[in-house]
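Each structure below is given as structure tokens.
You will see chain A twice below: alongside chain B first, and alongside chain C after that.
Our next item is the complex of A and B:
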């Protein structure tokens, strides 16, 4: 077990190294000269050469890469090309914070609604509610975010006028409601389905019958035995669902106009701001891989029957 | 995963089918599928939408660049069922052409990435094991480590001009002409990006299947009587994994469709003037357009929704009938 964890942790930097190499190669051999993008209309050969020299873009690619990675290891993510002279770390940190708050809000919505709903459905086997709700959940999961976002905006802010249409005011601001719902809706549906399946699984176990046979109240059986055990597999899924929120963030943040990391990533890709793209990709990949590792490990802790070697 | 069948009582006809001599697993599963109303409805929906897209050229009432200056931003009417956009173009026509793009791209990406690359690499990896397996799976892990669709976005953004240059070079140096104008480049870029995204999941799945099947008695027996590697792979291993592959392909089509729409939404897909669902949704989805002409969203949004939903629900139903034991 510990050997496994250590091995996975040792593998992490190698993986990130590979990811960085792929991103860097795509960025460098890819199109668009960042110098041209930056100078725009003021472009002329001399200025461009001087700028290249300044930014170190005239050096061999491998040297640039080595230099970048060496800095990255020491916590220096380089300087943005688009915002001259601003360190990337300084640029992306506040945006990540914004996206993290949004993700948290979305997660609270999906877990807060999904878990009780899934549990409720599992205990209503045989009634019409259950299959209907499961079908509705699949429906909701299938709506592309480019459709839910404008749809929710139209209903919530244009038709009913409940919430402001765009902008960002932090976690405790009404403007977070629409984007959090947009990101959280597929999560609600997913959580409901998972929790329902998991609860059904637990309900069929012998220890539930034993608990009932002991004469425990239905409330006690439901809350202590069923709910808690059904929760366990869900915990491990949470790590993945955070990763899923990243994809939605690109779109939701752009539509609503939220200064988060998703929108920033998209803008940076179009402006060929390699240092920013690299940093976002590496930080994202690192978080993603760590989350997967955590999920794997938590499986083993939660279910002792699983042995990972 | 939750299933629909769980709550349904087994139907009487199951007995008859179960004992049907000679009926293969697949054909029995197919007959069970046909008894599911949701599955039928989804197949019909897919056929309708896909037919609409594939035959856009004949079905659409106008050309996708035809402008009608007297009907700009008109609501749905007899002449324009889904209304017109701000350039006076018919929204329904553009939606049909947009569906066509999505259909072509997702099909190509699924066949090359998911089915061909994914299954081949999974087979090779699972059967050969050892170093080959390690290399393939590690590469897959690198691809899968990019947060969500960031890899697809980076690929699409960086590849386009390169491939465009390549196509121009081809035009200049060979007899080929008009390559760039046909939009082939766009298709190529998006396909490559989607393929890179699509093969890992399938490869892992097939590999897992092969690993567990490799140890079974019938494969041992085949080996013992001297069956060739090729025979073992394609006669003994692959057919036994087919159920899971079918479900994965179906579900994967839903995911690919979503990703393709995201790409074109970001402006990385098929370029204007060719219509794509993503660009249409982008145009219809901003707050200003929503305030004035919300119905613009209906046709492209509905098409995108139906495609993703139908693949997902169909995959769910297929999973029920093909893998009855799994949940």
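Our next item is the complex of A and C:
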């Protein structure tokens, strides 16, 4: 298994290189120019040229790219173009940390509710609870974030006054509740449905019948044999849902006013702050690869039959 | 004694639909967070030229009274909370936008300032003399003028700061605009020398400026932050991030700036020029639902958008008592034509498009009367505004006739027409949709819309690539017709995006630049405006209507001004 992990990790730099090349090419040759955005209505060619020189944007594209990558390898993500003189790492690190905590809270909500609920529904297949709950889950999943966000704000903040309407105070602050719900609710539904399907699948397997036949208690069958096996497909989905959370984070962060990376990334794109865009893309890609790797590794622990080689 | 008239200096492009309905676009374009809040005119002062020609001394005295009134009050303490956006810069020399300016004018200051009534008032200068020929200004700096760290402000500091702003290495996009009256400025702007010949340090507290012609508006230009004083040691020691710890002279010092989170300003105890009220200003930069935040008492002020307006206007609604209806900002939105490109190179065709639009109908039925139809360029209440200007009113018959007279009457040979708008939502604004339909119905002219994202839009706009463009507006930072008309329509102006060129207009604008008599000057501008409108350089669309802002009852003294001026020192929190 170690060989597998090392091999996967060796792919990481190659993948990051590919991602960086694509991002850089799109940024540089796509429309829009950071200097033009900065000067806005006051654009004039001379000032623009001077700025390009100061920001190093007048250098040949390959030199810019090489320079950036050389810095990146050494852990230096360059300086922001929009916030002149600010190291990118200093800008994005605290924002990524905020978004990571928010994503974790959302994940806890969707997994914490979704898994037990899905499992429970699978064991109640055939009763009225099952289709009702699935219908509700589907409905919740289908409501767009643009509806849940103001809705939750209106109820939780303005009507009931339980939580503030905006801001961020860390993982253990009440202000995390609304954004975590906004991000986590659709996940509950997805998780419930997946867990239900997966559990049903396992329930129909021969080894469950065997387990029951050899007289194991229902609790033992459920927890040891059904739940563990049903978890397998979920783990993969978990890794992917982290990526989905990052997408949803932009809207949640904007509506609630959270200083996270989602909103910052979008603003950086609109302002063509290339070093920031590159850093966020690369860190994101790296995190995604690692999450998948973790999922693969955890397979081996959940199901001893799987041997990763 | 010199007379002075107000001068328009900066114009900030705003890409908002006139009604400001799509706050997303507003945020990208002109990152002023609360577009509609951004302060409102006390327009009576600037109503006409006659009023604005009052002598400089009178204005100075009046404002001194205001200042001394404020001093007698004890500080109220407390915190004033509002939403803002990350300022693109806090360096006074680089400010081009209201988001930056709103913070910079509170942290730094200059020789003179604009009061909340838009009057020119002394700031770090206690007095000044103007030579009889109107070209030499001698300022005396206040004896108690200090930086936040207690160091005295000297004439040398001003000289260094202004020369720094003009130095090409500073790369200021606005130094040329605001400082170009100083003798010898070009040598510095073009990098031939670093010292401006027209700035002389007489002694520690005496500073002399020499300008190239008796320009009545020179003092007013000095209120812009390019002429603010900086602490040389602070700037040079701080490198490219010196604004993280700025040692300014303004009424507030920067206590904290966390990008994307908040700016906290703290009252500067050594500030002696009046109005010491609130202790702390918290500017929330993380965004959020402003109405909800206001209602939940998380912020003290918010603009009211189209969607909340009906509720807030209802007298039974508790919020109604906190509503402040403020007069409009000085801005105009328009559809620009590229006069160098077919079919807009034909004046008849441009006029036909103008006459085919029923602006009254759109303003009343589509935009809920939040805007005023524009037929001229200068907004109502603005110096030089011409209430008698007829403009190109809705007249379908005349529109058709003009179309027939134009060289593009035949749809078969008429070039394809594309209007480009900025944005990322897919919606182009209700007004534009109706206009396209009117062009189709009245003239049978088909127009296509192309929407591009803001960065791309700006780039192509500067290159004059667009055949026609909408979604742009102009906002005056400063009440004077000069830059409204000169910057947007002089054929040499880099901001004349449509390449409009009329030799007669150019001549009028150039004459007005140096005309010392304010009444004559306005007459020149009115002539120019009439020609511009008659030539159908644009379709002027809307002037902003009244603005609706909610302010918490415990906040006193917050003035809604039509442009950014230092004013937070007058805010008092009375809880």
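FYI, the second predicted complex is superposed on the first by the 261 of 309 C-alpha atoms of A that agree within 3 Å, B and C clash if a C-alpha of one lies under 4 Å from a C-alpha of the other, contacts with A are read in each partner's own complex, and residues count from 1 in each chain.
We adopt the following convention: a contact is a pair of C-beta atoms (placed from the backbone, for glycine too) under 8 Å apart; a residue touches a chain by one contact, two chains touch by 3 or more.
Owing to the predicted nature of the structure, the values given are computational and were not obtained by experimental measurement.
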item	value
Which of chain B and chain C A:154 touches, first, second, both or neither	both
Which of chain B and chain C A:6 touches, first, second, both or neither	neither
First (chain B), second (chain C), both or neither touched by A:108	neither
First, second, both or neither for A:51, with chain B first and chain C second	second
Which superposed partner A:144 touches (first chain B, second chain C, both, neither)	first
First, second, both or neither for A:15, with chain B first and chain C second	first
Which of chain B and chain C A:271 touches, first, second, both or neither	second
Chain B versus chain C as contact partner of A:134, first or second or both or neither	first
First (chain B), second (chain C), both or neither touched by A:166	both
Overlapping contact positions on chain A, where the chain C interface meets the chain B interface	31-32, 150, 153-154, 157-158, 165-166, 255, 270
Contact set on chain A toward chain B in their complex	15-16, 18-19, 22-23, 26-27, 29-32, 125-126, 130-131, 134-135, 138-139, 141-147, 149-151, 153-154, 157-158, 165-166, 193-194, 196-197, 200-201, 243-244, 246-247, 250-251, 255, 265-266, 269-270, 277, 280-281, 284-285, 287-289
Chain A-touching residues of chain B, taken from the complex the two chains share	1-2, 4, 6-8, 38, 141-142, 145-150, 153-155, 157-162, 165, 254, 258, 261-262, 265-267, 278, 281-282, 284-287, 290-291, 294, 297, 301, 304-305, 308-309, 312-313, 316, 327
Of chain C, residues touching chain A in the complex	11-13, 28, 30, 83, 86, 88-89, 96-97, 168-169, 171-174, 177, 239-241, 258-261, 284-289, 292-293, 295-296, 298, 452-456, 458-460, 462, 494-495
Chain C-touching residues of chain A, taken from the complex the two chains share	31-34, 36-45, 47, 50-51, 54, 82-86, 91, 95, 150, 153-154, 157-158, 161, 164-168, 253-259, 263-264, 267, 270-272
